[in-house]
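Chain IDs A, B and C follow the sequence of writing; residue 1 opens each chain.
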Amino acid sequence: MSAIIQVEALSKAYSYKLALKQVSFEVERQSFVGILGHNGSGKSTLIKLLCGLSKPTHGRITIGGWSIPQELGAVRAQLGLVSHALMLSPMLTARENLRFYGRLYDVPALDERINSLLETVGLTRFADQAIKTFSRGMQQRLSIARAFLHDPSILLLDEPFTGLDQTASTMLINLLEQAQAQGRTIVMVTHQVELALQYCDRLLVLSRGQLQYAGQATDFSLAQYEEILRR
Amino acid sequence: MTTISPVSPAPRAGLQVMSATTLIAVAVGLYLALIFAGTDIDQGNIQRIFYIHMPAFFGAFTAFSATVLGGILYLITRNPRWDRMAVAGVEVGLMLSLVNLLTGSIWARPIWNTWWTWDPRLTSTAVMVLTYAAYLMLRAGIEQPEQRRRFAAVYGILAIVTVVITLVIIRVRDDTIHPVVVGTGSTAAEGTFDVQATRGVTTALLFNLPVWGLLIPITLMMFRMRLEQLTEHVDRLKAELMER
Amino acid sequence: MTPLFWRACWLIFRKDWLQEQRSRELISLMTLFGLLSTLTFSFALQLDRLSRVESVSGILWVTILFAMILGMDRSAGNDRENETFLAILLSPIPRAAIFIGKSIANGLFALTIGAILIGLMTFLYNLPLLQPMIFLILLLLVVGLSSVGTLLATMTVQTRSRSTLLPIVMLPTALPLVLAAVSATIPLIAQSDVNNSIAMWIQLMAVLDAVYFTLAVLLFDFVVEE
């Protein structure tokens, strides 16, 4: 039983409307889980709850045995988040941004790590430019570098491929596969079904706040997904 | 979906008892103030407004204290009933503050020959009113209930600190023209009156103090809290209906 | 309060400061507002070289208050842009350190324009404003306002009404501090009966600062959770 994330009967209400209803699932260590669903299905809410940035209305979340968000402090350093928001300061340079976040997490040998990550995401040339001059794709690439900076054991991604061109998407996929091979756990929200089917181990499908499917990616198909959406 | 416990349409027994008691007490208090107590030698009948003016201020303070208490308890327990108490406290407190300011104004016109003055004591009461009006504006500007309760609780704590400090500053500044009933008055005070001189003043005052200072705020707050509870109940039912 | 904690405060402060160095947005906004406000008051109150001491004292501190409200609102808004604040909240940094770092940054911006305004008014109204005591009052005012203001700005920026709400909640809470500042400044400008009156006001401001700072640190957690 190596479930690193456990979610039990999770519900989240905003203004008496339930964004998530009684969602329960587990994420095994070192697995790559994809969360699929249409807009408004509760995917982003789920990621926010897993980060501890939001409190559940009902239910429990545990990460590595720690209760979230009450005991979030114990696991904060292990979590990395990539969302469609950049979480970077536009006025600062790429390097300054990474230095800031690196110091927040007390990353050792920071400058080398920054250089190596910048190279991985292909932004070494632009390291000392203010990121407001970057294209959306470049900004997203930097955001990914930011998430990997402190070497988190759990990666949470909310539509990370937004704004990425083919090269960058491939780069990200490679990064993720590498991360998984190195023992990290990945939970990714995406609407790109084909990608999820191809690279994820397990799939969770949300529709209108409820979990409609939880199982192996190999047992799932595009047709099944469309069927769920139609319901 | 969690089951919604039903809320009974008729007010509970406790509230009915409080309402009856309060109504009777107010009637008795008014009798004492308007008929029983003797007429003031210097000021005449206008002085009678004092029996409501001062107790109303204490009533406002009682209500605002409930607000800060409710806020603190909400932050600790996250139970919405404390927030209901907080919002009830602000509304009732504001009303009683306005009663205080209005009765003061009515008194001031013949005695000080003006409706209003920027005297420290009046200014501080005005500050109190505006601080809590801002509280209500803050609540109105937040849609999400949980966030609204939380932010209102935080502001409520800041508000009471501001009000208390402003009142303390007033005590320190001795240049107020407002008459001081308890303790030595300032030399600048105009329109003082001797508590012992006129018959029945003490009785009327001591009776009306708990009526306006405790009974009225508590009863009105109970009504307001019930209203809030019913409103939330309706909102929840509406939301559930939309889900179907 | 370990060295790690202070290092975290410094990190947050330094980022805000660096951002401002690049964009110069807050300082220019606040300074321009300060100038316009002073000008408007001058016309409206018909102030000239022989202006009343009380008026100038009031204008100075109230203008700084309004400028700070503008600045803190914009600063909080910048954090929301790109959700940078979210990433900071997610990191292992203690919440109190985030608050302290931000309020020191806000405070320093305010001190800068405060000094500019004091200099400007000395020049415009030919009044002896360039005294150490007045700068002390500025410091005390700014410390208190940036504590309570950073807390309230973080709160209001999350609401629907955003920028319109901050002045409404900030003005009442700022009042005791502004009142004390104005009262302390009047004798200093008039240069009469100084020692007696202002000692009390200065002490009051110091106490207020301590109270507001402590409250803000304690309450900040409740304002940033979701």
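Throughout what follows, a contact is a pair of C-beta atoms (placed from the backbone, for glycine too) under 8 Å apart; a residue touches a chain by one contact, two chains touch by 3 or more.
None of the values given here were measured: they were computed from a predicted structure.
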Greatest separation from chain B - chain, by CA centre: A
Contact-richer chain pair (by C-beta pairs counted) among B-C and A-B: B-C
Per-chain CA centroid nearest to the all-protein CA mean: C
Rounded Å distance, chain A centre to chain C centre (Cα mean): 38
Euclidean distance of C-alpha centroids - chain B vs chain C, Å: 32
Rounded Å distance between chain A and chain B, as computed from the means of their C-alpha atoms: 51
Residue numbers of chain A (touch at least two other chains): none
Multi-partner residues of chain C (each touching 2 or more other chains): 225
For chain B, residues that touch 2 or more chains besides their own: 143
Touching residues (chain side chain B, partner chain C) in the complex: 75, 127, 130-131, 134-135, 137-138, 141-143, 147, 150-151, 153-155, 157-159, 161-162, 165-166, 169, 172
Of all residues in chain B, those that touch chain A in their complex: 1-2, 143-145, 235-236, 238-240, 242-243
Chain C partner contacts - residues on chain A that touch it in the complex: 48, 51-55, 69, 73, 76-77, 79, 81, 83, 85-92, 96, 100-101, 103-106, 130, 146
Chain A-touching residues of chain C, taken from the complex the two chains share: 8, 11, 15, 18-19, 22-23, 81-84, 86-93, 225-226
Interface residues, chain A side, partner chain B - complex: 14-18, 21, 58
